[in-house]
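What follows is chain A paired twice: with chain B in the first complex and chain C in the second.
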Partner chain A sequence: MRKEVPMIITVLSALAVIFGKYFFLGDQSKILTYTDKYFNISGAFAMLIGLISLTMVHTTNIRRRKEGWYNSIVLLVVMYGYLILGLIEGNKGTAFRWIYNNAFVNLDATMFSLLAFYIASAAYRAFRVRSWEATMLLVAAFLVMLGNIPPGEFLGSWVADSKNWIMRIPNTAAMRAINIGAYVGAFAVAMRILLGIERAHMGGRS
Partner chain B sequence: MNIFERMQKIDPRIIYLIFFLSLAIPVLWPFALPIAINTETKMAYDFVEKMPEGSILWIGADYGPSTVPEMGPVSKAVLRQAFRKNLKVVIYPMWQDGQALMQNYAEEISKEYKKEYGKDWVNLGWRNEADTLLRLMTEDIMKATAGVDWAGNKLADMPIMQNLKALDKGQVAGIFEFMTGNPGAGTYLQRVVEPKGVPMAVACTAVSAPGEMPYVRSGQYKGLVNGLRGAAEYEALVGKPDKATAGMSAQSLGHIVIMLFIILGNIGYVLKKSR
Partner chain C sequence: MNQIYFLAAEAAKKPQPVLGLFVEKNVGAFFLMLFMTVIVWVMIARARGAKKIPAIRKLAGLDAIDEAIGRATEMGRPVHFSPGLGGVTDPETFAFFATLGHVAKQAARYDTRLINTHRNQYVYAIADEIIRQAYLEAGRPDAYNPDDVRYLSPYQFAYASGVIGIFQREKIAANLMIGYFYAEALIFAEAGYQAGAIQVAGTTSTAQLPFFVAACDYTLIGEEIYAGSAYLSKDPVLTGSVVGQDIAKIGIFLLILVGTIIANFNNFGAKSNFLKDLLLK
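So, the complex of A and B:
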């Protein structure tokens, strides 16, 4: 029953959504209103499970003095401290917003900004004229980079025109093909889940 | 190692240092650069500009702190345009960070234009599985939000919500979606734009722009603001240069440095091959 019950729930849920979305009677019954609410509630429970799971993992790290266990203490103190502050003050709380705006936002932006340096170094190493295709890629990258900065306009309108042509024509064609392939693949996976062939989401193999 | 090999194998620390200086110096001492306006940015600007006074602009705040340098300036520019035109602004974040970030910008810009919360603008607040609730928003906003905004205030008491019951074509003039990933513009396309016919313009990061361009070409997006460059263009259109315009000097120098390094590496590669 450990495998059958989740599979039955999955199939029934999928059928309810298909019925509500694609059939007149389903649209009239507003079944999707209920499924949306239940999805919202189950998402909240998933967050609770995530909180409990994080707590268990990091308390184990501290108890067993694993490498970097002091980072686990910091994580738990910050996580529960900010949670309690949020419950007491709410979204509008002064301290709650101050910590978010002055600590979290800046830390997150800083971590993401490291990516720029890795990209610069990777671009320097990877963009080599080893073949015709690599040369075309390099020329396209140069035109798009130049077209995205004001100094590129000093070289003439052909820079912006080239960049726009690359973005609007070959890029659009390629992205449409990629998107169609991705969505066909997603549909195939959805059908496999609906028919019970795909069981990775239940922890099993297909 | 001969000189051609050295040109191909510059120490990454030197690259990082030069790149850092190319970004930091213009940030500390920005210089003005003239900027041409892209067609897609103008389309997005005109989309908001054509909205009748008093109509509702739905703003999707779907980005996080990591993309604030690109999305923050365009958010402020669009809010300036909306408040200048006396549009009613409804903010709906599908990202939890979008709630706080857009709230900060709206509070700052609303003070400039003397706009009142609850009357001229509202933040519906983030909820868990907000992308699923978006479909419910097209039927009944009160049901989807449980009747409260981001801070727990009752929506029924707010003048702005008196004529807004659902996210549909008759009640909302248009959507301006600020996105960096999923959920984002694709979610609005599937659940609102195509089924309900509400028009939408999008602002996205430069890295997302190639993936969103097909939707502009097909007419599903009414405009596309592309990264920091697009934000600087939008600021120019709104007539209030801000951080994006200042950031163009850093972006320009940074791009030029990357291109110079690539050229150097390729010169070394070609000359070494020809020997």
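So, the complex of A and C:
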């Protein structure tokens, strides 16, 4: 029953969503609203699992004095401190929002800014003239980058025109082809789950 | 008078069934779904009936997964596996689950440490169970370490910083990334490169694929991640579903071809929206 019950719930939920989407059942939006509500409620319980897991991992680090165990103290203090502050003040509280706007947002931006440097190092490794495909990649990347910066305009309108053509025609065609394949593949995965062929997510062999 | 206009407007907004049964603008989508369902079902039935079906072509990225685990075993360093930012409603996450079972079983067999990090609490709970079950099936329940399946943070860059911290501290030898990724894809790929790990990545996100192709050793592009469960298990029924998916894709491409031809005739004054009207009914 451990595998059969989740499969039955999966099939019934999927059929409810499919019927709700395609067949006119009067006020079918209610079905989708109910499934959304149940999803959000179960998400709150699942979040508790994540909280417990984090606490266990980091308390183990502190107890065993693993390398960097003091970082685990900081994490637990910040995590529970912010949780308690949010419970007391609510998410519109002054201190809560101050910490979010002045600490979290800036830390987020810092991590995002790493991408600029990582792009440079990835491009340095990837854009090499090793084969004709790599050469085409290099030329296309060079034209697109040149077309996006002001000095590219000084070289003539052909730079912007080339960039626009590359982005509009071959790039869009490739993206759409990949997306079509991905959507059909996703559909096949959904079919396999509905038919009970794919059971990896239930801890069993497919 | 205003009330009459108000009621009339309300009546006009109420959706009406098409052909007495279907939701407006979803009829074409329903029949397209039905067509794909029939194709996939037929191929699964053929596979179940032990009839001959085409084989999946060689996918270097999926072959490299075993190579990556072997490398990690030889070096005595862990394997890291990430599902990206996808949730449990994303099909890419199911591709991750299918591959995770195989990777966990291999890791259990070779006594290699597997670190699995998560951003989504649902995915974390399911992955934990998959890994535990895989270790049990491999006959190594004692080797399963629940601390190696880690929920880090629901926030994108907090998750990314946790992951790259793990790469540096644990000195991973192999980095597997299969799922839906956003901006953190390149952060993972570059951090994995700096840690000296062999990297196999797969995603359907067209915005992140170029970064994976540039920074990883092997990349699974788009639908190749969905073939993972069939390719790794060599199960004929799963292979049949992948063949069905490919045939459905050919059907869609033919539809696109017909639509392109009709659109070009429209440019010469034919003015036919037959296909568009049929699909968007």
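The criterion applied here is as follows: the second predicted complex is superposed on the first by the 202 of 206 C-alpha atoms of A that agree within 3 Å, B and C clash if a C-alpha of one lies under 4 Å from a C-alpha of the other, contacts with A are read in each partner's own complex, and residues count from 1 in each chain.
In the analysis below, a residue touches a chain if its C-beta (ideal position, glycine included) is under 8 Å from a C-beta of that chain, and two chains touch if they have at least 3 such contacts.
Predicted, not measured: the structure shown is a model, and the values here were computed from it.
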Clash or fit (per the criteria above) of chain B with chain C on chain A: fit
Which of chain B and chain C A:Arg168 touches, first, second, both or neither: first
First, second, both or neither for A:Met111, with chain B first and chain C second: both
Touched partner set for A:Asn102, first chain B, second chain C, both or neither: neither
Which of chain B and chain C A:Glu67 touches, first, second, both or neither: second
First (chain B), second (chain C), both or neither touched by A:Ala188: second
Touched partner set for A:Thr59, first chain B, second chain C, both or neither: neither
Smallest separation of CA atoms, chain C relative to chain B, angstrom: 5
Residues of chain A at both interfaces, chain B in one complex, chain C in the other: 39, 43, 47, 104, 107-108, 111-112, 121, 123, 125, 175, 179
Chain C to chain A touching residues, read off their complex: 15-18, 20-23, 26, 29-30, 33, 36-37, 40-41, 44, 89, 91-92, 94-95, 97-98, 100-101, 118, 121-122, 124-126, 129-130, 132-134, 137, 146-147, 149-152, 154-158, 160-161, 169, 183, 186-187, 189-190, 193, 204, 206, 209, 211, 213-215, 221-223, 225-227, 229, 233, 235, 237-238, 241-242, 244-245, 248-249, 252-253
Chain A-facing residues of chain B, complex: 10, 12, 15-16, 19-20, 23, 33-36, 38-39, 64-69, 97, 99-101, 104, 125, 127-129, 132-133, 135-136, 139, 143-144, 150-152, 206, 209-211, 213-214, 217, 227, 229, 248, 251-252, 254-259, 261-262, 264-266, 269-270
Residue ranges of chain A touching chain C (in the complex, touch as defined): 21-24, 28, 39, 42-43, 46-47, 49-50, 53-54, 56-57, 60, 67-68, 104, 107-108, 111-112, 114-115, 118-119, 121-123, 125-126, 174-175, 178-182, 184-193, 195, 197-198, 200-206
Partner chain B, residues of chain A touching it in the complex: 30, 32-33, 36-37, 39-40, 43-44, 47, 90-92, 97, 100-101, 104-109, 111-113, 116-117, 120-121, 123-125, 127-130, 138, 142, 145-146, 148-151, 153, 160, 164, 167-168, 171-172, 175-176, 179
